[in-house]
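Each of the next two complexes has chain A plus one other chain: chain B in the first, chain C in the second.
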Partner chain A sequence: MSVSMSAYGSALRVTVEFAGGIDAHVKPECLQMVDGAKLARIELPRRLDDSRAPTMRSLIAHVAQHCFASGAELFSTDDELRPGILAIINDADWEITEDGVDKYDYVLQDQDAIVFVSTLHGG
Partner chain B sequence: MCDGASPSAAGAGRRAVVPNMCVKCKTAPPSIAIRRILYCKACFVRASVAKFRTAHTKSLKGAPRPRPRAMVALSGGAASSALLRLAADHQAMARKGTEAAPPYAGITVGHIDESALFPGAPESEIRAAAAASGLPCVWAALEDAFAPGEGRAALLELAQATPQAGILARLARAPDGASGRAQLAALFAGLGSATDREDMLQMLKTALIVDMARRSGCGVVLVGDSATRIAVRAMSLTSRGRGFSLPLDVGAEMRWFDGVDVYRPMRDFVAKEIAFFNRWTGQPSAAVPTFTTGQPRSASIDRLSEAFIVELDQGFASTVPTVCRTLQKLEPCAEARAARPCAACGMPADIDGCETPADIDGCETPADIGDCGAPADIDVSAALCYSCRGLLRRAAPGTALPQFCLARLEAADAGARRAALRRQIDAFLIGE
Partner chain C sequence: MAAAERIAQVRARLAQLRAEELALEAELCALEPEVEPEPEPEPGSIGGSNLSRDDIQRYSRQLLVPEIGVRGQARLRDSAVLVVGAGGLGSPCALYLAAMGVGTVGLADHDAVDVSNLHRQIAHTAAAAAAGARKTVSARAALGRLNARCRVRTHDALVDSANARQILGAYDVIVDATDNAATRYLLNDACVLLGRPLVSGSAVRLDGQLTVYNHNGGPCYRCLFPAPPPPAAVATCAEAGVLGVVPGVIGTLQALEVVKLLTGRKAAEPPSLLLFSYASHPHFRSVRLRPRSPACAVCGDAPTVTALAADYPAFCGAGPTDAAPDWQILADPAQRVSCRELSRALQAMAQPDPQPGSQPQPDSQPQPDSQPDSQPQPDSQPQSDSQPQPDSQPQPDSQPDSQPQPDSHPSLLLLDVRDQTQFEICRLPGAVNIPMDQLARRRAELEQAIAALRGGPVYAICRRGNLSQLAVQYIRGTLGYAECYDVAGGLVGWQAEVDEGFPIY
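Right, the complex of A and B next:
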């Protein structure tokens, strides 16, 4: 996903925390330690190339492309999270959705706090 | 596109996701879905504590009285960290008079330092978390498995392993000046695959934690095996030929080691519940590296089993509970209960399918030891379980096994054979 702020006006800003060992594969320059948490601040255009608002699916693809030097396949496959990695949106389980709504289609809001935590043995 | 952020920048308002409320309090919006059942944060934490106490209390029914001390086996990972908090909380609440008696006479935290194999292991974080619990802590390091026993420096060294000649080993002295870490590194370098290395690591940790429990006067060891981990281990152990001891390896209570019972009170928690519990209770945990950290799914049987279970569970959310419910029906057979411990892993050794020394031409047996002056090769096949025989066959000749292997081999022999082996071990007095 290419991101150009000038083409889309103000950016959508979300914070992404990596935990449970998946943080070991994230580029160090993307991370900042805050109170023991490894956080990255991600800026996305408010409208994507297809004029739709960014969703969790687009965030995952963006993170895999821009925040991982190698080992992105340990985080996601295409634009879906690898099984065993949980996502938490604003301190709530991202799997709480209405019936028939895909959790990947959650439309990101400005200042959302997303956590990706690996539950896999050894991270 | 990625740069650091301050926590104050995080945290937008709650998502309006579902019309339903928490299944428990019915007043708060849900924060977590466990197999489609919705809980708010407070009710989830409360339900987790209750679930732990129920499982723990069931295990305690068979515990001896007066209640022994217990050791929480803390690896530092998410599950054992949650276990530490829940077990300490259970003990403390009982003390406050909310229950008839505390579960144990006391709780000790036991940890195995793995930094000799994994220099990046977060030891300082783990020790800080253990110290924060306020409980007494004891430590051992993986290299302690090579510490001389009873003033003798003898180790069991693999000599040759072939289908024809069985698994031959000999008594050897550790190389002069070789540290425990160097011997540990040599052991793992001599193993054939990541699966074998993971297997050996588990053997070392089990032996060390049980030994540490005995030394600390603990009659119970609490381990943090979650339902997810138990389901994965069941697949992995079966694939590695450890089906004979599987009921003990995955059961709620393992009464196998002399004087030390092992309980698995986290057996009803899936990995997701543990991750949320730790997050919402502020329980720190660390990512403990393994041999296959960052490796593809095919790196080891354990890794592949995990990928299989976790991927299946994603599509079918009851996979892990279904596997675990099935496993709960397993009981160790009478042969397993009466079997001798394997000289390597310490679990029941199925000797029915084992080559006996008498079947092997030209091989010295423990009975022959001591008849001649020079150390003779010993066929250790009969003292090993099926899986460990395969593991040691694949190991490189010259690989020295941990000290406890020799101690178990000696304990497995009886009468004249044992005396002969003892005489040979006595020739390895330290300082000679």
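Right, the complex of A and C next:
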């Protein structure tokens, strides 16, 4: 993605987990065991090239590009999640945001814990 | 009489009784789809509560719990709960509902018991699988054995747009214990239109999910998932597998959520999604969910779905069962061969000395030859990238024809494109395993194997002849090698057409 480390200070660090089956497509080398959980540590610049702060949209594009060997099309189309995948931010459904804020425009905070979970249908 | 002889007699008698029980249950099911519970003893006449003496004894340990008590128990007794899907989720859920004293339990399923169900669908028995019993009949027998005071209604039908209202309407709570997206959307919409809470569970592989929809200002299924997932992203238990206890965990928790709904406890809880995984630590994670969406197509302020007229399978791009797909990707039938044709090709190159250890051995025909090959076998190294092997996992017992035979070249390549886990379950002798999703990455290896053929044919095979068509497209298209054919029907077809001793999973 068109981001680069810049003079705005240290990187923004978030953790990303994948669950519900979409995890099967994630490159193993992207994941590490942290306190019993397999997660990806993602670093983004605090300001993108257009000087805006990284959002969920930026994260989804970054993850799609860097964390998937194949099956990225099951995760997202460009920078939006495919139907059937929920984003969870700090243990809450990402739709629980301030009124009027597009969920994709949620501005990532340092140490945010994000989970992308694909919905299951089997039984 | 020798003990061994008596043991054999008793076992035979038990098997007979088990089969007989099912036959009788099926007959009863046809005569009275609704079990009339044992007559109610005089309630409340002695002791002052509105529970009968029998109920007080039976549910005493539950009555002692203040959150349940006499009031909660009476609520359970006076309630009707429908479990849609008498499978891995529905089995434990329905068993617990009946055991705990829910007065009426409905069972809806359109399927018969199969032996591959038994590792997780614990309401059913080996006898039911052997007899091919209806799941409703088999599960009704299980509930009846547990608690004859429970009224069990069976609906031996696929719940669809036409019958959903009528079936669901008679129940207070609906449990979604189904196995496919189309029925999940249908049940959601029916519950919204009927004003019923929906206790939704799901499980695949090592993961489970649980949510109560359409309750107390919380979201419905469509609020969370307005659009269905692409069918390619939907994993079913039949294709992706499932660890038996995982739906057991979720189905049991569905019964718990039903109790909370019936006692009123659930009204005090904000909407949440419970995630379970075998692999995660801790196993459970609860996520807060959004409230009902005003823009939702069915439960929103201006709904567009106002009746169950929709074609749910078309909406989801997949049918209402987890039956295996039957893809027709290769338009040209000349690019596919039957299993019999493959068998003839393998026999034509057969050598008199069969490879030891290759399995399974078709016993009804000469051993198709493992292919002699001067190249190292592509599958001789366990793949460590996408599927790390558990420590205790035995390696494939044989690497077919690993001895180099420098003076010969293989006359054909049998390319098995299933993942390594499936390849280890069963395979044809001589098959070379490169999983479909690794073909591009292992292109050099594949091209080397094809070059060694000196023009000989490549046969691509998989479980059912679906994925292997993509492999043929890749080899013909990207690699430009036209002597490449799909084995139509795959290994399932091999069992049906060539060797009935070949194991199928």
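Things worth noting here:
The rule is simple: the second predicted complex is superposed on the first by the 108 of 123 C-alpha atoms of A that agree within 3 Å, B and C clash if a C-alpha of one lies under 4 Å from a C-alpha of the other, contacts with A are read in each partner's own complex, and residues count from 1 in each chain.
Quick note on the criterion: a residue touches a chain if its C-beta (ideal position, glycine included) is under 8 Å from a C-beta of that chain, and two chains touch if they have at least 3 such contacts.
Owing to the predicted nature of the structure, the values given are computational and were not obtained by experimental measurement.
In this superposed model built on chain A, chain B and chain C take up the same space, so to speak, and clash. Of the two partner chains placed by the overlay, chain B and chain C both lie in contact with A:Val117.
In the superposition on chain A, A:Asp102 makes contact with neither chain B nor chain C. Within the superposed three-chain model, A:Arg13 lies in touch with chain B and out of touch with chain C [touch as defined at top]. Judged by the touch definition given at the top, the superposed model places A:Asp49 against neither chain B nor chain C.
In the superposition on chain A, contact of A:Cys67 is made with chain B only, not with chain C.
Residue contacts after overlaying the shared chain place A:Gly21 against chain B and chain C alike.
Looking at the superposition, the partner that touches the larger set of chain A residues, chain B or chain C, turns out to be B.
Comparing 1-9, 55-63, 163-171 or 379-387 from chain B against chain C in the aligned model shows that the clashing stretch is 55-63. When the two complexes are laid over each other on chain A, chain A has residues 19-21, 24, 35-37, 71, 74, 83-84, 86, 88, 91-93, 95-96, 115, 117-123 in contact with both chain B and chain C. The touching residues of chain B, when paired with chain A in their complex, are 1-7, 9-15, 17-19, 30-33, 38, 41, 77-78, 228-229, 232, 271-272, 274-276, 279, 284, 287-294, 296, 302-303, 306-307, 310-311, 313-314.
Chain contact summary for the complex, chain C toward chain A: residues 85, 87-90, 177-181, 184, 201-205, 207-209, 224-230, 232-237, 240, 242, 247, 250-251, 273, 275, 277, 279-282, 285-290, 293, 322, 385-386, 388, 437. Every residue of chain A that touches chain B in the complex is listed here, in rising order: 3, 13, 15, 17, 19-21, 23-25, 27, 29-32, 34-37, 39-43, 62, 66-67, 71, 73-74, 83-84, 86, 88-93, 95-98, 106, 109-113, 115, 117-123.
Chain A makes touch with chain C in their complex at residues 19-22, 24, 28, 35-38, 69-71, 74, 82-86, 88, 91-93, 95-96, 115, 117-123.
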